[in-house]
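Once you scroll down, you'll see the structures, which are given as structure tokens.
Here come two complexes built around subunit A, the first alongside subunit B, the second alongside subunit C.
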Partner chain A sequence: MDRSGHQVHEKVADMRPPITSVGWVRWLRENLFSSPLSAALTLVTAYVLYLLVPPLFGWAFLDAVWFAASREECWATGEGACWAIVTTRVDQFIYGDYPADERWRAVLAFVLLLLALVPILFDRVPGRARWLVFSLLYPLIAYVLLIGGVPGLPEVETAKFGGFLLTLVIGVTGISASLPLGILLALGRRSDLFIVRVLCVGFIEFIRGVPLITLLFVASTLLNYFLPPGTSFNLLVRVLIMVTLFSSAYLAEVIRGGLQAIPGGQYEAANSLGLSYWKSMRLVILPQALKISIPGIVNSFIALFKDTTLVIIIGMLDPLGIGKATLSDATWQGLSTEVYVFVALFFFICCFSMSRYSLYLERKLHTGH
Partner chain B sequence: MAAVDRADEPFRLTDIWTNQRSRSLVIQIITLIVLLLAVSWIVNNTIRNLSDLGVETGYGFLWDPASYDINQHLIDYSSRSTHARAALVGFLNTALVAVTGIAFATVLGFIAGVLRLSPNWLIAKLMTVYVEAIRNVPLLLQILLWYGIVVNALPHPRNAAEPVGGFFLSNRGFYLPRPLWEDGAWLIAAGLLAAVAFAIWFAGHARRVQERTGRIYPVLLVTLCVLIGAPVVAFFLAGSPVSLDWAELKGFNFVGGFSVKPEFFALWFALSLYTGAFIAEIVRGGILSVSHGQTEAAHALGLRPGRTMRLVILPQALRVIVPPLISQYLNLTKNSSLAIAVGYMDLTATIGRISLNQTGRALECMSIVLTVYLMISLLISAFMNWYNRRIRLVER
Partner chain C sequence: MAETDDKPKRTRSRPGAGAARKPAKPAAGRAPAKRAADGRTGSSPARASAGSAPAGTVPATGGGARAPAPASDEIAIEISGMHKWFGDFHVLKDINLTVYRGERIVICGPSGSGKSTVIRCINRLEEHQRGHVIVDGIELTDNLKRIDQVRREVGMVFQHFNLFPHLTVLENCTLAPIWVRRLPKAEAEAIAMRYLERVKIPEQAQKYPGQLSGGQQQRVAIARSLCMEPRIMLFDEPTSALDPEMIKEVLDVMVDLAESGMTMLCVTHEMGFARQVANRVIFMDGGQIIEQAPPAQFFENPKSERTRLFLSQILH
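Entry: the complex of A and B
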């Protein structure tokens, strides 16, 4: 009814909400200017970003030189970063000293690695069971491909491995060997067998108590004393062993956390079904414990991947080592920022995608109760 | 019960394996034997190798002159000092970078962790970028990056940057004025001590008054005023007994003042930034672990946000934060061994590298290094276990 008493049929149009409570104005008010303090912080931060980001962007892209023969040439053409130091040596950064004619083997091994990873990372691929057999065989295939020594594949010394190839070899071997070892150590630490438990605790605490560098020094200086006279064995193998042992001690602690979080009723239920120790672990306890510890496990893998850079200290040429070697060349001296930023980018991409995958896995496995 | 059923049956050899208790005994005995064999094999090899090489063993070399220089030493050291002293200098350098790094990383981590939960979108995103970018790049790389920036991007001492008067930034290091303590400077220290004593007493007094009457004193304000005021008053009463030793450019380098070497700076800064990012995640997780109902309950009681954080949220969050925080401190200390990459002379770089290379006593040097690190981490984990027991929630 309107004021004069007549029936009104058409609906009065809805009033629009105040401009401050819809759309981007609302978003700005809630997220950037919710209080005087917040507004001040926003303005100060925005100003600092304005001061920093455009010059950095200019340095990295707009004023950068991508191709040149020396740093003098770089500095003559542009004010910004001299990416030429990276572009001229990109092969070295990828393969190290791996012979140029054999590099297709490294590429093939890398492609096969990606293929082998698919059934491990994603469980909804067709024919997963058969595919997994290939993944299990992959280490052998990669070994034959990279090192060779069989007809058709001339042998390549491991001392020639370098660059991202070396990082991937150490990282992937370390990760795949340390997980089973870590599980065994975690089980051993919670075992009823006194001697086994003491051994595992001692090993884990020792490894976790010392820096990886010192262990690598042990591998490069002391190992020869511990082996029978005259044995010499490959530096890469020594490094792989040390990295694996180091990482497995940290993994063991992560997995122990998962084992402790499993309610005692699960252990008792498995026992009352008559399952043997190994069966109860494999079928009941470990699937649950590993699921809980996934974030920690992936964090350990990321840590291991980052720790591969330490091999430069005992003289191996991973990307960082190649970078340092390049910087000691008089043509390129002083361009350390460019080199390190480039290598950092590679590690960031690898580690960041690992951590994103772990988030995806956590969400997928979060079955709830 | 298998044992009862078979009580009258004759003993069979397979019982050793089928009976759980005897089986576990057998497994342990085998493990022990294998372990002892392995150890004796290694010891035997080592003895044979050492006698083949004809090297002397023993720690006597520690008292020989080290004959190498260490550019940063907290205690007196020259190239004629002994290897033992070099190791001590190295240990002190490790301790220095660890302690200062822990302090800076904690401040950085707590600020970043709290700000990541800020309702301010820009700040929260910025902190996320910091944490993700730093955590996903190897520490060694970051140390080298900062070192490279200092050495390559900063000017030569002769045209060093001077952002504030008396502070110089150059590629040979940073130079700050150094305070010189003269007669009567003890009055300042005494003033500071008195202020600390007063602050402690005042905090207790304020708590008692609040418990009795409900009145709240501005404790923080009073404490800050006294802590800053007392030394300043003492400074003027004693007739300004402190003068500054300014850094000066003489020839190619600075003389005097207090210098921070590029090696130390790169290591300290990278370690703090790196560990700070991990601490930020720990702090964020700790705060998120306190249920939101606690905040609402505190607000319902009329506590303001600052007090809610300090009296309700933080004490509960700390229970979650402290154990992983301490293990981050331990990580920082162990990671400081990366010093060797930029030539900062820490424990690993002195006794574990140069002394080792000069004397060839690999076994002895490495055992010292490993033992020191092991002692540090065992001490810290003992402390952590004690702390965990103390703060554990007492359940019914």
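Entry: the complex of A and C
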């Protein structure tokens, strides 16, 4: 250092980080033992898991009975869960009363559904454009397959739909129809046009103010009074409409939140480039607003999917309804745990997949802003 | 460099545009008498004074290292008797302004003086309540079709860039050409790359705006506007949100654009830029145009007390 305080420093060579700040040692330190309290909680949790997991595992798998003719037979052979109630009735749980000879149609519709979802969920599949055409046609294909009434496919009444088939029909239709409707309602609520805005606000507030069960009751009973006498309006269709309207009102508010988060500069930039209202919405505003809204949208979808079980109230046999019917059978009485665990597992798989997909989507759409 | 040379769709004749594109030649092709006889002396005193000056003295009025390119006598923008209110607040009062094709105008003034609002009225991001705004021969009214027509021809650059964060730089630049001008994707991308080269960041084309520095983002924003091949460019404080070291790279692009003969209106506090390229500097305060003059006169010999005060505060 000279007298003026002017200093020049040598360059320091790179060194290895200390062992405690890399790899699994670091992970353990940061996640499980970061403080005395966290270390104590880690140990307590480990002990509780030790107490809980082995017996549960034994009940569900090791000591379980998978096939039996009745509850008595189950309990005579094993200590654990009696999955026989599920395995003997698995067709009921999946198809409800869908005629046994026609069940291949439901299976085919399900496989095609998965195929139709691929290009919608993932944008890097080869030949996506043509594939999407198939996805757009899928509702029609599914309708013909499931309900039939054309040569070669005898008609199946929708009253015979049940189980997971019914859940998927209501859930998938509700989700795919309510998203576009929700977007339109959200845009309408922010519209400059007074009438449009008032209609959208009125609709959203009315639907949100009424429980879904009430809407389902309206669908099953009251609607018939309002329609001209003699019109038979399929109950399943009425339920689909109500579920869609219900969900779209919630989605509209979620999406409106996303729209409000977009800075005004984005609208101005789109306008100043000469993009019309619909083009600027579609190309600039909605892609960003929907991305922000993904957690809320998926939240609504999951809620809708689980709310489909409410159709039990108006006499439709969803998985819970089938479970209840099964449990009232004298041969199987008292096995409610097994039935509800099985139904819960189905819902968990569906909802957890949606949740994981939404996380994947968020990561993919992250562009560093 | 002149982007106007390869526009296949432009068929309108542009008198004087040839001269406007050659900044080195002073006064060629000008018609001062015509302009002085224009009748709107109140709205453009600078025009009147320039017209009365002897031909060939343009460098003197320019005052900078480079002489401002002479403008044509074709009117690009005509604002007359424009008033605007935000609620009860009278934000613009009797604005009269005529901008000729190829002219570069710098608007300055204290914050809240309405300078941004004036240029935002030119592409109808704000609507005026009284008076007339005629851009490229099209009067701005509630007619959405006309508004979109004007917006296609008027580019705008914002203080906060307003790039679309979900699109890459290249997609930002091709969006409007593809969806508004209906160009095929390949052609739009070729145009976009040409302008990205012009603002000197072709290598960033595949990045997202969030990955660029402020100066780079603003240059992309300029390129995005240019991709629509506008006849008029509006700049709303383009360097105000930038770190000092990035201001120059943006100004360089704007100077380059000015020298190509683009009609430009810039709201800015960069007085060096005003001296270098402006034909006219306009000073606004309290929603009114207080003074307008060629940069040399404006900076050396401002007429109004308010202008003098403002200049003493921003020029150190």
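Miscellaneous remarks
Basically, the second predicted complex is superposed on the first by the 326 of 369 C-alpha atoms of A that agree within 3 Å, B and C clash if a C-alpha of one lies under 4 Å from a C-alpha of the other, contacts with A are read in each partner's own complex, and residues count from 1 in each chain.
As a working rule, contacts are C-beta pairs under 8 Å (C-beta built on N, C-alpha and C of every residue); 3 or more make two chains touch, one makes a residue touch a chain.
What you are looking at is a predicted structure, and each value in this text was computed from that prediction instead of being measured.
Of the two partner chains placed around the shared chain by superposition, neither subunit B nor subunit C is touched by A:255. By the document's definition of touching, of the two partners only subunit B reaches A:225; subunit C does not.
Of the two partner chains, neither subunit B nor subunit C is touched by A:240.
When both complexes are overlaid on chain A, the residue A:271 reaches subunit C alone and has no touch with subunit B.
By the touch criterion stated above, A:210 is placed in contact with subunit B alone, subunit C being left untouched.
Applying the stated contact rule after C-alpha superposition, one finds that A:337 touches subunit B and leaves subunit C untouched.
Set side by side, subunit B and subunit C differ in how many residues of subunit A they touch, and the one touching more is B. By the touch criterion defined above, A:288 reaches subunit C but does not reach subunit B. Contacts of subunit A with subunit B, set against its contacts with subunit C after fitting on chain A, share not one residue. Those residues of subunit C whose C-beta lies close enough to touch subunit A in the complex are 123, 125, 144, 148, 151-152, 154-156, 158, 160, 162-166, 175-176, 179-180, 208-211, 221, 224-225, 228. Subunit A meets subunit C in the complex at residues 263, 265-266, 268-276, 279, 283-284, 287-288, 291, 365, 367-369.
Interface of subunit B with subunit A (complex): residues 24, 27-28, 31-32, 35, 42, 45-46, 48-50, 52, 118-123, 126, 132-133, 135-142, 144-145, 147-149, 151-153, 334-335, 337-338, 340-341, 348, 352-353, 356, 362-363, 366, 369-370, 373-374, 376-378, 381. Residues of subunit A that touch subunit B in their complex: 30-32, 34, 38, 41-42, 45-46, 49, 192-196, 199, 205-206, 208-211, 213-214, 217-218, 221-222, 224-229, 302, 306-310, 312-313, 320, 324, 327, 334-337, 340-341, 343-344, 347-348, 351-352, 355.
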